[in-house]
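As written, the chains take the letters A, B and C, and residue 1 is the first residue of each chain.
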Amino acid sequence: MKRLAVIAVAVGAAFAIVVPLFLKPYGIYLSSTWAVLTIAAMGLNLTLGYAGQVSLAQGAFVGIGAYTTALLMHAGVPYPIAFIAAGLVCFSIGWVLGYPALRVQHHYLAFVTLAFTTLVFLVLRNEEWLTGGTYGLSGIPRPVLFGWSTNGPVRFYYFSLGVLTVLATGTWWMLRSPWGRAFIALRENPIRALSLGLDTRRYTLMAFAIGSSIGGLSGAVFAPLVQYIEPLSFALNLSLNLLLMVIVGGSGYFFGPFIGALVAVLLPEWLRFIEGYYLVFYAVMVMVMMAFCPTGILGLVERIVKAVSVKRSPPQPALQPEGTSP
Amino acid sequence: MASFIQLLVSGLATGAIYALIAVGFTLLWQTSQTINFAQGEFVMVPAFFILEAMYLGAPFWLAILIGIALSVLLIGLAFKLIIVDPMLKHGVLPLVISTIALSLFMKEMVKNLYSSNAQPFPALAPPIDLHFFGAVISTQSLVVLAVAISAVVALHLLLHKTRLGRSMQATAQNPTLARILGIPVRRMVLYTFLINAVLCAIASILISPIYLAKFINGETLGVAAFLAAIIGGFNQVRGAIFGGFILGILDNLSAAYLSSTYRGAFPLLILIAVIMWRPQGLLGRVEERTV
Amino acid sequence: MRRVGIIATFIAAGLGLASPAHSQSTVYMPAVLEESGPGAVSGTNFRDGLKLAVEEINAKGGILGKKIDMPVFDSQSEAGVSRGLIQKVLDNKPYVVFGPVYSGSVLVDMQLTQAAEIPEIVGGEAATITMKGDPYVFRTSFGQQFSMPKIANYIRDGLKAKTVALIWVNSDFGKPGRDNFLKEMANDNIKVIADISTELGQTDFSADVIKVKAANADVIFAYVNEEESARFLKEARKQGITKTPIVGETTLLSQKVIELSGGASEGTMGHVALTVDAPVPAVQAFAERFKKRFNYICDHNGIKGYTAVYFVKYVAEKMGKFDSKGFIDVAHGLTITPKDEPNILMEVTWDKNGDIDRESFLGEVVDGKQKIVKILPKLGK
């Protein structure tokens, strides 16, 4: 199973690196969009899949990160600093929001984060002096990093892919560390984790804050990708879409967000021929998936692989029976 | 002062609708752990059933009956059997995701099959306005208030004065014990879904003349349902009712006296405050579960 | 391994490796529009106007012998998605591009079409669109910087108002309109004593009407979408606003509002650009055709789309060839009269920024119908 996973990841990575050669600018733009969404979904996966918290605020954090980056860049701040600032701002806001909010039960957190997202949208829309209001912020330049310009579809794609790789590696490392293993313990059995002396609140809060800051970093890449941001893009819809991405891909699986974002980006393309009905199709697909495979696509893959491997080598009884059954 | 009364009166009328929707939402949550993110769409769709029936020739009163029947069938029975039952064994989160997907499904289906434009919907009362301490209230609003209150009273009587109702309460409080006592638990849960469908259909008929039937109607109504239910008190029907009225009045007052660009913010801030400091809601009781 | 191979093929197909086969007998004029999301109503109206025109033209043999190929792509009312789709259609070398309607999306897409030197006929009304010095962007409706002065003049001269209560929708349509209106009012020394913002899709206007009443202004100016206009008017009449003139721009006096408001729009006045209610036979005929084809009454976005296609047809035929770059030289300063092209519906001139100059009307709702009170001439005449 593990070997298969490593091969799959290697193939996927090679594919991701090579893909621009086969695509026109539009396809490359879509690939950059996929990278951006994967980053945001990865953050949400940390909060939801690993720490078990239902957050509907991820879209707002993407927005906060995007606006932070755009405003700083307009003020002349070099991109790397703006990027880090976006992450830090979202981390702080995530921490401040999470501190009281995580005291409540899961379903209540969903509503608190829903309210938060709408409030952020209202602020972004109404405070025109800061955010440009309904007019949004336009003319966001493609960053120039150490003399290398990211302007141009292929260059920007490699930039966004690079950011994704760095963040994914960081997240992977974090989850493999003792700290990260505590997160997972939290998800599996919060009461037991408590009994083992884990300060569950601290870990959950950290997960939420880190997940939010990753969302903010996604926004920091989103802003120069589209080169125009407006409040509407970061309203509740985005949070719901990210949630669906994480769930469809497989909540709690490391590569779930990658798959979920891929589905979200590709589905409108494939289903273009059914015009207005593609959202209907997507909705039905999600419902069917929830009924039969709530662990998402990667959960399904895992099940299939297990079933195949069981078939190949069926489990042997521990002891050979001697004529009588236990 | 007249304007304050006007706001109060309009707020009560809107609040009555919110109360209806919140009650259904609370019932589902109480008896089957179903957080129905599609509740708003449940209120949006029956109007279209009725419009379609009228388009096919039925008179208004018949169309209403057809609409309610279809609602009970589709957003009551079918919803429970096809979506809730299979999901519930997987836990609450998959069900929540499914209802999110369901709301998207219903919205898009209406938009594609019908139209993205708003449709006029016949009113239940002639458009006469009554004057009343300087405030104006339309007969439509009075009908809304009257119907909503009757529905809620009827529900209350059902739940507390009939055997069926008390069985439903028992199911909500302690399903295992209820089963041991011989109460058909699954059927009781089914009844709450059917009741929710009826309440949503009634709400739909009440709001569509004013709001006009449109595929996005569910969006704000759904959020209003959660807000009302949580603010009022998630674990008591009367909490949901109270929450609905409070929300309606609060909406109007904040829009009039506080900033209009932030009109949506105040109910949200109250929601956050309630969840943080009094999660059982203003009228709810801590941790007890009652229908 | 095989699994990945299959996936690769799917992705490649989906991402446009398989490009549409441009046959020599069609001209590629794609549209990127809001078919879902908050902009769905504007986008679908614009789309259907485009479709009607394309069907009519193709039935008669197309443009210069080539049929029009106009696929429609859904931007989902998202600037990011529309940008991607514009890139997609530009990859396939169109003659011109139609849409989007959302001003935010237009501002992003314009940069791409300008770089690719492809004309873009948009539905956005924000003033900024034509102020960027982009020679490739064109409109078929008034920018708000032209429509607002017209109605402001009427408020100042016709109604002789000194104070105005303004109610507007806080969206990418209402906000720039409100800003332009405030500018005009400041120029005319008319005080705006109430500035009330409302939400898109808002249903309850009781609080807003109370504020309007309290302001007690000479005139009420309402700049909200059609459905909200109907709800606002109903509430206003209910609460006793009967004497104060209620004035609007484009949306307030449309047939849709008249129908939905059940009589409450009686007596409202306003500036009306090109609408299905204009007292011009060509427009009336178009409205009939549209209703027959699509089963609903189109709003001003439908007319934008319809006239856009005929605009493009005229330019192409005038040039005798499909030249995207040459298009802009012909189009700037161009005047098309109904004699030249009946389906342009009314005489229109394009200026060097891509904005139009056209007759418009001052109307009033009388007996449930829009009555034209005054014809406002073109500014350039």
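Heads up, the rule we're going with is that contacts are C-beta pairs under 8 Å (C-beta built on N, C-alpha and C of every residue); 3 or more make two chains touch, one makes a residue touch a chain.
Here the structure is a predicted model, which is why all the values come from computation and not from measurement.
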Set B-C beside A-B; more C-beta pairs touch across A-B
Outermost chain relative to chain B, judged by CA means, is C
Between chain B and chain C, the Cα-mean centres are separated in Å by 36
When centres are defined as mean Cα positions, the distance from chain A to chain B in whole Å is 33
Residues in chain C with touches to at least two other chains are numbered 36, 170
Touching two or more other chains in chain A are residues 125-126, 276, 279
Multi-chain touching residues of chain B, meaning two or more other chains, are 108, 111, 261, 264
The answer for chain C against chain B in the complex is residues 36, 40-41, 44, 170, 196-199, 201, 203-204, 206-208, 210-211, 213-214, 227, 230-231, 234, 238-240, 256, 259-260, 262, 296
Residue positions on chain B within touch of chain A in the complex are 35, 83, 86-87, 90-98, 100-102, 104-105, 108-109, 111-112, 223, 226, 230, 261-262, 264-265, 268-269, 271-272, 275-276, 279
Note: in the complex, chain B contacts chain C through residues 3, 6-7, 10-11, 14, 108, 111, 115-118, 120, 127, 129, 136, 138, 207, 210-212, 214, 216-217, 219-220, 251-253, 255-256, 260-261, 263-264
Chain C residues touching chain A in their complex are 1, 4, 8, 10-17, 19, 35-38, 72-74, 76-80, 83-85, 87-88, 90-91, 104, 107-108, 111, 126, 128, 170-172, 175-176
Within the complex, chain B is touched by chain A residues 54, 100-101, 103-108, 110-112, 114-116, 118-119, 122, 125-126, 240, 243-244, 247, 251, 276-277, 279-280, 282-284, 286-287, 290-291, 294
